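In the two complexes below, chain A is the common chain; its partner is chain B in one and chain C in the other.
Let's turn to the complex of A and B:
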C-alpha cells in the first residue's frame, strides 16, 4: 500500500486533495457554519448543476475536444421540457426523456459539424452556443416560466434525519443527479472499451484512426454524452430553481471548464480522471462558499476565485513541463 | 521459403501523376526485405496498398495464402497479418505500455477487456520478444527506442506475419539499432517477414536478405543484399553516379578568417582550438552529445563561452547574442530546419528575407516591396531553388529545396563565416549533391565554412579538413587525403 499512497501523492489528484483538505480545515476553523451538515447539503444541491456538467465536459476534454455550448443546450432542454410539461399531462419519465433527447440532439449537431467540416471543436461550439441560445431567446422572447407543474415543484426529496431542533436534513434529486453523473462517467471512462478509445483518441488522433477506431462515431458518442448530461443537469437545475429562465445558465460554461481543468484534465486531450474533476468542483465550490461565509464582497470573491484558478493551472503546467524535461533526459 | 505476399502489376495514379507503374513484389515468409528509394519513388504508396489504406488501379492483383485480391481493405490487411510501424510510431502517449500493446482488445464489444487479461496478453508478447518493458509505464515517458519496442510488441500482439517498418533507424543510436536488429532476427526466427523502408543506406542492410529498389514509381529490380554496396544502391536509387573524390585546394596562402583559441563552456565543450581560412570548408564530425552543436551555438552567440577567445579577421570579438554574431558576419544553419530554420506555413519569399528585414525598409521604416522582391529573387537564383511561385508556403517544397531556402535566408545577411549543422539530414541523395555543390561554390567565392555532420562520407569528400569531436573535446584533426572511411569511423567511435 505505501506504493499506492506514494503514487497518489505524486499525482495531480493527490496534490489537489491536499489543497482541498487544507481549505476545508481552514474554513472549518475560520467560520462557524462551513463544516455543518446543512451547509454541505446546500453546497451539494447548488453545485449539482456545475458538477454534472463537469462530468460530461471531462469526457469531451479527454477525447481531445472541447465543448462551450452545453449551457445553451441545457437551457433549450429545460425550456422545451417544461413548456411541454405545462401543456400536457406528462410525468417524470417523459420530462427526463425530453431533456435527454434535446440534449443529445444538440450534442450530435456539434459532433456532426466538427466531424464533417473538420473545424476545431472550440470554434464550432462557440458558434452553436450562440445559435442555440439565440434561437431560444428569439422563440421565447426571453420570457421566464414561473409556474411549473406541482409534481415537479414538489420534486423528489426525502427527509433522512431530523435533529433535535426539528431541522430536517434531506436527500434530494440534485444529489441523485450529481452522484449518477459521476458514477456513470467513471464507469464509461474506466470500465468500458469506449472509455479506453476516448483516451486513445485524445492521446493521438492519427494513431487512433490507424488502429481502427471509428473517430466520427466515437465523437458522436462523446458529444452526445455531453448533451445528455447537459439535459439531465438542466432538469435538476430547474427543479432546484423552481422556475425556468432562458438566460439563467448561459455564462456559466467557463466556471465548469475551469473546474475540470483544475481537476487535472488536459486541454490537449488524453488526460483526466473523474476523481480529479470531483476535487476540482469541490475546490471551486468550497472557495466560493467559504469567501461568502467569511463575508467577502462578491466582486472580490470572483477575483479571488480567478486568481486561484490561475495559480493552480500554472502549477499544473509547470509540473507537466518538469515531467517532459525528465523524459527528454531519459531520451538523450 | 514460401511466399507470404505476391504483388503483381500494381499501378497507382493520382490524377495525371504516376505514383506506381506496373510493380511486382514478392515477400517470403520470415524474410527481411529492404525497400529502398528516394522521396517520391513510390515506396509509401506501395505500403499503403499493402496495408489497404489505398486501392491500386485495376489490373493488378495481390495474392496472399493462395487467395487473390484486387485490393485490400485495412481490416482485411490486419486480419491477414500485415502490420505497419510508421515513422511516428502511432502510439498513445497517455496510455500505459500494456494498454498500447494490447489495444486491439479494446476495439470490440462494450465491456472492457479487464486489466488482468490485458496485462497478461502484453506480458506474453514482451516475453516472446525477450525484451524488458514496464507494463504500467506511460508510453509518453519512454525513450524513442523503447517506444519503438512497444510498437513492435503491438504488431506482434496483433498476430503479425509481416511487419513493415518505415525508416526505423532514423532516430536511434548505434546501440539501439543493434537491439532493433536483434529483435528483427527474433521476428524472422518466428517466421515473421520484416520489410524495412528506407531512403538511407543504413544499418538495416546488414541483416536484409533482399533489396528492392524503386525509382520514379517503377521497380528497378530485386537483388541479394550481399551483392549490394552503398554506392551501387545510391546509383540505383537516384539514377546518377555519385563518385566523389577527395579534392583539397591549396589554401595555405589564404588569410585566416575565424580563429578559436582555448574556447570552453562548462558542461558543453572544453579547450577548443582551430582556424578556418578564407575559402576553406572545415568538417566537424562527432556523435550526438560530442559538443559539436553546442560549439556552433557558441560561435553564433547563443551560448556564450565561459573562457577562450574568438577572432574574426584577426580581431578579437565578443559574441554574446546571435544579433552580435550576425552583425559580425556569422551565419548559422541549424540542424533542425523544420522547427528552428523555417516558418513552414509562411511563403518562401518571407522566409528568405526573414533575417534581413531591417535592411529592406524604405521610407518611414516600412518594408519596401521592390527591395524585398529583388532580395527574394536574388536568393532563389543564387541557390537554384525550384519554385513555381515564391508566395507558396515553404511547406510545399521538398526537403532539399527547403534547405536551400534556409541557406538563402542566411546568405542574405552576407556572412563571412557560414556554419552548417547537419545540412543534409532528411534530404535525398540528389538534393544532397545540390547542397554540396552550393557549399563548395560559396567557399570558392571566399566564405569560411564550418560543416557539422554525422555522416562520414559527407565530411570526407566535401570538407578540406576534418575535426573529430568527442565528449566536448577535439580528438583529432585530419586531412581527407590521408584518410579512408574506415579509419575515420574508427577515430569517431574510439
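Let's turn to the complex of A and C:
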C-alpha cells in the first residue's frame, strides 16, 4: 500500500515513528540490555501511570480544553480507596469502583466549573488542583499509608514464561491498565459518535454548537473520562509503589502534558491520535531509560528531556507553519 | 417590553475582567477577610510581628507573579520562571562561592556586580530562547516554556547534582533578612520593581503594545508593529524578573538549589487571574495583582496563626479564585433581571 505509507510519512505520527525507531535501533546497538524483554516489562510497568494519564489527557486536549488537576484527583482517589480498603473487608471490584467514583466526581467538578464560571479550563483546573491537593494534605496531615491489604500488595501478576535461568517474565496489573486505557480511548475517539463530537468541539466550538452538539454535556463526559482514567491510573500506581503518599503524584502533570503534546496533540484542540500519544510516551520513556543504560548520570536526564521537548514542539510548529503557507499558496 | 438576549459567554468573561470592578471586589474581599480574621485572631493578627512576617514572605511570590503577568498580558504564559530563577541564583551563588568575597572593598564590590551580571546574563539567555522560539517559530507559549522549564531545571540539576550551594557574603544576608527603618529590604525591592512595572505596562508604548498583542495579535501586526520583537521582549522581561525573584529567594534562604520554590509556579497564575489579569491576554493592572497577593498572603498568615496546615490555605487560595469568578457570574446573571439602563 504505497498510498498509506506515503500518507503516514507525511503525518506527524509517521515522523515521530521514524524518530522512535531510530532511537530504538541506536539504543539496542549501543546497550546490551535495552531491547531485552525484562527491560521492556520494567518500562511498561513504570510508565503505566503516565501512559494512562496521557490517554485521558489526550481526550481533553482534543476537545480544546486542558486539565492540570488530574494528579490531584488521582492522589485523592487512591488515598480514599486505600483508606477504605484498610478499614473494611473489600476486594478489587470495590476498590476499582471507589477510585472510579472519586475520579469521575473530581472530573465532573472541573467540567461544571468550566461550564459555569466563564474561566478558561487551564485556570479552573489550576484552582481545583490546589483545592483537591490542599484539602487532601490538610485532612491527611501528609501521612503516608504504608500498610496496604495483602491481596492488594500481592496484586495481579501472571508469570507468562520462565527462561532457562529461571527468571520469570510477568504480565501484571500495570500492563492491563495501560493497554485498557489506550484501547478504551482509541475506541471512544474513533469508533463512537461521541468521539466525532469531541473532535468537532475542539476544532470549532461555535460550529459544533450550531450543529447541535451540547457542549456542556460533552464537557462533562470529557472531564469525567479524564477523572475516571486518573482514578484507575492512581490504583495501578499505588499497586506498583506498594504504598500511598498524598504528595507523590502532584507535580507530574506537566510531564504527562509534554508526552501528549510530543505525540502531536494540539493545545488549540481538534488534533491528536492515540497512536501519536503512545509514540510520545514511548519517546520520553526510551530516552530516559536509554540515557540511564548508556551510563549518563541520572542528573542530566531532565536536561535531555527538556531539549527533546523543545526541539519537538519547534519542529511541529514549523511543520504547521509550512502547511499553512502551502494552503495559502493553493488558495491564491 | 424589551426582550433581552443573553450575551455570549465570551463577552461575559470579558466584563468579569474589567480592571475597575476587580480592584473594588478584591478590596471588599480583603476587608471582609480582615474582619473575619480580626474577630478570630484579634491582636495576634494586628501586631508588628505578624505584619512584618507577611512583609517578608510576600515579595518572592509577588515578583514571580509579575514575571508571570507580563506574558499573560500578551496572551501567553511562562512556565519557566521558577527554573530560570533557580538557575540564575545558582549562577550568582557560583560566583560568590568560587571567587573571594573577602579582600579589599573594591574587589568585594566587583564580585557582587559579577554575581549580578552572571544571574541576569543566564536569565537573559533563557528569556531570549523562550522569546525566539515563541515569536519566530510560532510555538505555543505553554509548550515552549514547558520545554525550557524542563531543560533549564535539568541544567541546574545536572550542574549541582541536586545539591545546595550555601554561604554568601553579609550583604546578601542583609538583603534577604534585613530591614531599613523597620521595612524589610525584600519589600523595598518589590516596591522598587512593582511601581516602574506598573508605569511600564500602562503608560509606555511598550506596555500598550504588550496588552494590544494580548487583545488581537493580527490587528497589531497589520498596524505596522513588529509583534515578534515585542514578544521576544516580553519573555526577556519575564526572565529578568524571575532572576530578581531567584536572587531574593537565595538571599532569604542564604542558599541556592535547583528545586526551590517550585510550588509557586501555578500559584502565580492563580494570583494573576485573581488580580484581574485576563488569562487570554489584553487586560490587567499591577495594582490588581498586588491587591490579590495581599489577600492571598492574609489568608496564608491567618492560617498560620490559627495553627492550621499551610495546605489548607493552598486549598483556600484555589477556592477564593473560583468563588470570586462565581460571584462575578452570579452578579452578571442578576443584572439580566434588573431594568436595563436607557441608552442616552
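Just so we're on the same page, the second predicted complex is superposed on the first by the 332 of 332 C-alpha atoms of A that agree within 3 Å, B and C clash if a C-alpha of one lies under 4 Å from a C-alpha of the other, contacts with A are read in each partner's own complex, and residues count from 1 in each chain.
The definition used in the following text is that a contact is a pair of C-beta atoms (placed from the backbone, for glycine too) under 8 Å apart; a residue touches a chain by one contact, two chains touch by 3 or more.
A quick note: this is a predicted structure, and the numbers were derived from the prediction, not measured.
*Asks:* For A:294 in the superposed arrangement: first (chain B), second (chain C), both or neither?
*Replies:* Touch status of A:294: no partner.
*Asks:* Please tell me which partner, chain B or chain C, touches more residues of chain A.
*Replies:* After superposing on chain A, more of chain A is contacted by C.
*Asks:* After the superposition on A, what does A:97 contact: first (chain B), second (chain C), both or neither?
*Replies:* Touch status of A:97: no partner.
*Asks:* Figure out whether A:84 sits in contact with chain B (first) or chain C (second), or with both, or with neither.
*Replies:* The answer is neither, since A:84 touches no partner chain.
*Asks:* Just to be sure I read the superposition right, which of the two partners does A:203 touch: chain B = first, chain C = second, or both, or neither?
*Replies:* The first partner, chain B, only.
*Asks:* Of the two partner chains, chain B (first) and chain C (second), which one does A:113 touch, if any: first, second, both, or neither?
*Replies:* Touch status of A:113: second partner only.
*Asks:* Identify the partner contact of A:147: answer first if only chain B is touched, second if only chain C is, both if each is, neither if none is.
*Replies:* neither
*Asks:* Is A:160 touching anything from chain B or chain C once the two structures are fitted on A? First, second, both or neither.
*Replies:* Neither chain B nor chain C is touched by A:160.
*Asks:* Just to be sure I follow: which residues of chain A are touched by chain B in one complex and then by chain C in the other one?
*Replies:* none
*Asks:* Across the complex, what residues on chain A touch chain C?
*Replies:* So the residues of chain A touching chain C come out as 68, 113, 116-120, 122-124, 126-138, 141-142, 251, 254, 257-258, 261, 267-268, 297, 299-307, 309-310, 313-314, 316-318, 320-321.
*Asks:* Using the touch rule from the top, collect the residues of chain B that touch chain A in their complex.
*Replies:* Counting only chain B, the residues touching chain A are 74-75, 78, 84, 86, 88-95, 99, 103-113, 140-144, 289.
*Asks:* Using the touch definition from the top, list the residues of chain C that touch chain A in their complex.
*Replies:* Those residues of chain C that touch chain A are 9, 12-13, 16, 79, 133, 137-140, 142-144, 146-155, 157-158, 161-162, 262, 266-267, 269-270, 273, 279-280, 308-309, 311-319, 321-322, 325-326, 328-329.
*Asks:* Using the touch definition up top, name the residues of chain A that touch chain B in the complex.
*Replies:* Against chain B, the touching part of chain A is residues 190-197, 199-200, 202-204, 206-208, 210-213, 269-271, 323, 326-327, 330-332.
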